[in-house]
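You will see two complexes here that share chain A, one where it goes with chain B and one where it goes with chain C.
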Partner chain A sequence: MKGLGWKEAALVIGAAALVWLMLTSIGVVPSEAIAGLVRGSVGGPAAWRQTLREMTPLLIAGLAVAVALRAGLFNIGADGQLLVGAAAAAVVALAVPGPVGVVLACAAAAAAGGLWAFPAGWIKVARGGHEVISTIMLNNIAVFLTLWLVRGPIKDPSVQTWTTPSLPTGTGIPSLVEAGVFRLNWALPLAILAAVAFGVWLQRTVGGFELRAVGANLTAAKVAGVDVDRIRIRAMVASGALAGLAGAVLVLAFEKRFYSNFSPGYGFDALGVALLAGNSAWGLLPSAFLFAALSAGTTSVQILGVPKGLSTVLLGLIIIVFAVLRYREACRDG
Partner chain B sequence: MVEVLFASTVTLTAPLLLAALGGLTSERSGVMNIGLEGKLLVAAWATGFVGAASQNPLLGLLAGICLAVAMSLLHLLLTQTFRIDHIVSGMGINALSIGGTSFASKGLGDRSQSVAGVFFPVWMYWILAAAAVLALALALDRTRGGLRLLAVGHDPDKSRQSGVDVGAVRLRALLATGLLCGLGGALIVTNATSFTDGMTGGRGYIALAALILGGWRPLPTLVACSVFGFVMALQLQLQGSELAGAAVPSQLWGALPYLVTLVALVGFLGKSQPPAGLGRP
Partner chain C sequence: MTGVTVRFGSLTALENVDFEARPGHIHALVGENGAGKTTLMRVLFGSQRADSGEVTVDGAHVKSRRAAIGMVSQHYSVIPQLKNLQNLMVGAEPGAVLDRKRDRARAEGIARAMGFSFDWDAPSSSLSPAGAQKLEILKLLWRESQVMILDEPTAMLSPADSEELYTSLKRLAEEGRTAIVVTHRIREVLDHCERVTVLRGGKRVATLPVAETDEANLARLIIGHDLRERGSATAEPGPPILMIERLTVLGDRGHRAVDDASLVVRKGEVVGIAGVDGSGQRELFQALIGTRSATGSVRFGGIDWLNLTTAKRLASGLRLVPEDRHAEAVIEDWSLFENAALGLHRDPPFAHGHWIDTQGRARQAGVIADAFKTRYGSLAQPMKSLSGGNQQRFVAGRGLTTQPKLIAAFQPTRGLDIDGSAKIYQAIRHECRQGAVALVVGFDLDELLVECDRVVAMCQGRIFEAPGGLERDRDAIGRLMVGVG
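Showing the complex of A and B:
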């Protein structure tokens, strides 16, 4: 246990004890819940299908949060950007069917998400208003805006529920693998490619270096002649565009429509994905997989009587524990 | 109409003010606090749950305050002992609180129904909120403890060198944060008469915005909270009404408080100066 002090060990044990206590308090045997969690996430083709499906938007939205985070900005607004992106994608794909519609829908989603993130970037740079507050406000506004859209202008008039019509067959991102109950959509390999491309861009290009410089030390970057304001606004808009794309992928690859309460909190899980991944873009892959497995697993153990809130608790604990361990690691490395 | 609007403004301002003052003691000591939302939420749940289970409003309120204080101390532990980023810690605590209260209210059954004798009357909280804002306004730059708090938040290193126990000052500040947020959360569940998932609805963040717009000073923070409280009250009054003869969708009114917060961030932030030592160890 080199470098891991007793305080860190106590924190980890405390976190585990909390989860154990929560499960026991509602009359669930913890070992059964954990076994169910594993079964529901990686035990069999149906579980894998669900985990990989959840991983797709989480990876893209996690990448979105990571882009802003590398520039030193906390984009808590990924959920709102994802919502407006998903709504925009549904509207465009319903208007323009076929592959052209898919491309246009993605573009519209990226534009909508970017537009939704822009005020946060601008308020931060021009007015000094903290992006955590502005993005949370934009999230709430996005919820009301998309709710209004789906209850009125873009609602499917033929049904009672608040949803758009379903996309016509042939409009959407197709499956890559279909074997029995297992499905893998093309969107996941594309998302992985995007994460890898971001990693390369970050390490190998001037733009990536400048982004990292701004995130690492704003004053130093400014003194060195980097246009920090422009980079921070761009990072925020790019982050929003990616989050919007995550929404488009949900509509085009999986849901095939937009409806009320569309996001169960992908944007917040995405924050966990990015924080857990730390400084590395490659880290986004295992991190998104872990959160996807948790999400698929906790959905499946709801049958055992374990409320869905457990996954949010685990999100919080993972964020805290890994921040502590990473700080410790940084101290050890000097 | 005007009386209703006024009463409703007071009702909605009080929890915001309690949370914002909780944020004030924390941030003035140099500890950034994104986690107000989570503390409000755990206090709201515990007050409702324990109050209904014991049929004793005092036990309910104490449970709410204890849980909010525990969350506040966790934040202190994570930022001061483990030295993690203040925003990361705050977000972690918010996730823990949102998930934990949702888990508990489903898993343990919803017992916080509206029953007489479960909650204290709301005016008690109003008096406490008013007392808190007055006490902070008077004590902050006139008493020994208040000045120490400001000094630690302004420059922790110099305070340390001149013999101030930074850790102790921050401990007291964060205890106050927990207490004030505990009262705020208890008031939120008292107003609503029962707990629902995520019932704080971003009010912890609006309180944070009010604190920033108030320049981290008690009386201007009170003004900012009142403005947000008034907009929320107005929103409730305007639901279903018309604007220039056309029906306005209810969602627009619903979004109004958040829009106003956003616009306030753009328009009135210019001169607001955060404590110089905010976020520093």
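Showing the complex of A and C:
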């Protein structure tokens, strides 16, 4: 990184001042809050467990958004695709227990997510409808569809709350490390592997070359003989399938069931993850980690008396600062 | 206007040009593409700064010219989302608060004086090209412009609409206004204008009353006399290999941009396509590439060309030097390595099965860059760090060093110096002597006549060939270009 210009410096100082002001205004000592943030995200095995847990769906959903983004498509619908994926995974895993059920549940989640994204890709290609609009619409449909399912057809009749029954033990993604309070299962290493594989695919294969060409310059891609319509639909479906998988991982690795208001907005945070990662698939790893650490950290800061809304503001400010620093170079070039 | 000079970097667009138009006249400004017509009019209008020279209107130096001078550019500025009345006023609203009744009455008055009628509340997206053109003229009247500049006003109009347009211009001239019409069409100049100024290569060649000239004379003035020496001998043409028959391609506005055009190219030939910009060359090329659908038939080496995907056409040896380098030929953020592969990225040496062959690609990128001496620091640097001329060298290198069979080159020497241009044409001819064929679109007739084996003309979507014995006759082809048989 080059030295900071005065504008960037002013932004960082301004953001810090804003945070300081907000914290003191509600009677929290800023230094304590910052220390709490760090402690809650990377200060000890329990904090690490929480951060890596958050990182798992964020990385997979971030990868989902990145796949579409590289083809020039903005998939705002990751949250909806994640929801239908999670619901599908819960239904299948409840019907077919054991490792086979886990595999089938992942397949079902990918299929559901892909299916949920397909209309957006098709509308874009066939009618020129903007994918941002169609995916937002599909988000709403997904929210209410899954809500209806969990209130009726797939509800656990034995409890009052809107939830499916819990998965039987042995039906889930197995643990990789269990040391004291620290837990890590196979989902995160697999997700990291997927992000790395995507990076290699983008740079080293003909398919990746064509996907990037479509995203970088549609007309030039057409002139170069790339079937841009097919690639855009495929990218959208692949993006949806990955978001669906993120939902499956949440069900199979962590929550062990599906319930109402299942996603706290992973699909939207995933947009931030993918954008902050910029043009690099590798960038998804630090980007997802940052989002996860802040999310875990702000949860613990709430214990100090910082209200949830304010911790979200804090998260937003930090991301804005990172984003400005991240895109500084790109703006200077352009 | 006296002594107007405009430079763009090292290029001199206008050199010491004098221009005067009188009230009550329709004054025509003619010249080839790049002659400086539009630049001169922009200087007059005030949207282009002159490096030197003076502009006076009614004897006074004008600073805020926009009040007195109005310009309708080639691309209409009607905003389709607005209503006709809103479009009429936009930018020149009578006050902060709009009085619909008063504005409508004034609009009606202006339109009626011109013999036009408009549905003021209809959305402007429903206007025909002729309607949009009329609305543009009314916009100038709304602003009470005394001098009206119309850049290629009839380019999108049917002959009948063109007639009507000139009738209204005549009426405005009779009221004491000045109309300046930039046009390619000599016929219109002779039929409707009082005086004509000819620009060539940024210099004024002549200003004369239309009554004292004729078609042949004007065509000669526009194109000039100096014919350059030809680089090499005409090829011995082989059997016909590219057959374009009754090709029709619809343009963006749904008009027949290529209209029933036919052309036969023999193996080994370099065929130049002359014509003023917008005569259908763009759409013809898009149809050959496969990015625009077309009816009729194109056969290349016996293959039904129009049924192939663009990818198959490229695999069959189609090589391009596209018209719009930024939009069509390169991806500016990408490295030279990756841009070298664009279009040929599926096959060796750029790929090996599904995998990109980075070594083969690097080798070929070097060959491409060296073909026409592209100046670069490293092949890993992004395309956008190269100057336009160097990008053009690279794009031409990509098309001509990768076993072309059918070369489609749109202004392949754009932005290049004489030496660079000559090398590119040499390479095109070299490939054609090996059995390829080339179609070259150019706007410089001299260059095409010197460098190509044969030159045909495109005018209003049709391809015209000069009669036997006159295939390389500049006057004959020049007349075909402007639609004068």
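Everything below uses one rule, namely that the second predicted complex is superposed on the first by the 306 of 334 C-alpha atoms of A that agree within 3 Å, B and C clash if a C-alpha of one lies under 4 Å from a C-alpha of the other, contacts with A are read in each partner's own complex, and residues count from 1 in each chain.
The rule we apply is simple: a contact is a pair of C-beta atoms (placed from the backbone, for glycine too) under 8 Å apart; a residue touches a chain by one contact, two chains touch by 3 or more.
What you are looking at is a predicted structure, and each value in this text was computed from that prediction instead of being measured.
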- Message: Contacts for A:Leu271 in the overlay, against chain B (first) and chain C (second): which applies, first, second, both or neither?
- Response: first
- chain B versus chain C as contact partner of A:Val223, first or second or both or neither: second
- Task: In the overlay, answer first, second, both or neither for which of chain B and chain C A:Ile141 touches.
- Result: first
- Item | Partner with the higher number of touched chain A residues, chain C or chain B | B
- Task: Give one of first, second, both or neither to describe whether A:Pro119 is in contact with chain B, with chain C, with both, or with none.
- Result: first
- Touching A:Gly316, do we find chain B (first), chain C (second), both, or neither? first
- Query: What is the contact status of A:Ile76 with respect to chain B (first) and chain C (second): first, second, both, or neither?
  - Reply: first
- Query: Inside the complex, what are the residues of chain B that reach chain A?
  - Reply: 34, 78, 81-85, 87-89, 91-104, 106-108, 197, 201-202, 205-206, 208-209, 212, 249, 251-252, 254-255, 258-259, 261-262, 265-266, 269-270, 272
- Message: For a test of understanding, state which residues of chain A touch chain B in their complex under the given definition.
- Response: 7-8, 11, 22, 25-26, 74, 76, 119, 123, 127-130, 132-134, 136-141, 144-145, 147-148, 151-152, 268, 271-272, 275, 305-317, 319-320, 323-324, 327
- Sites on chain A touched by chain C in the complex: 203-207, 209-210, 213, 216-217, 219-220, 222-227
- Message: Using the touch definition from the top, list the residues of chain C that touch chain A in their complex.
- Response: 289-291, 309-315, 320, 322, 324, 327-334, 338, 341-343, 345-346, 351, 354-356, 358
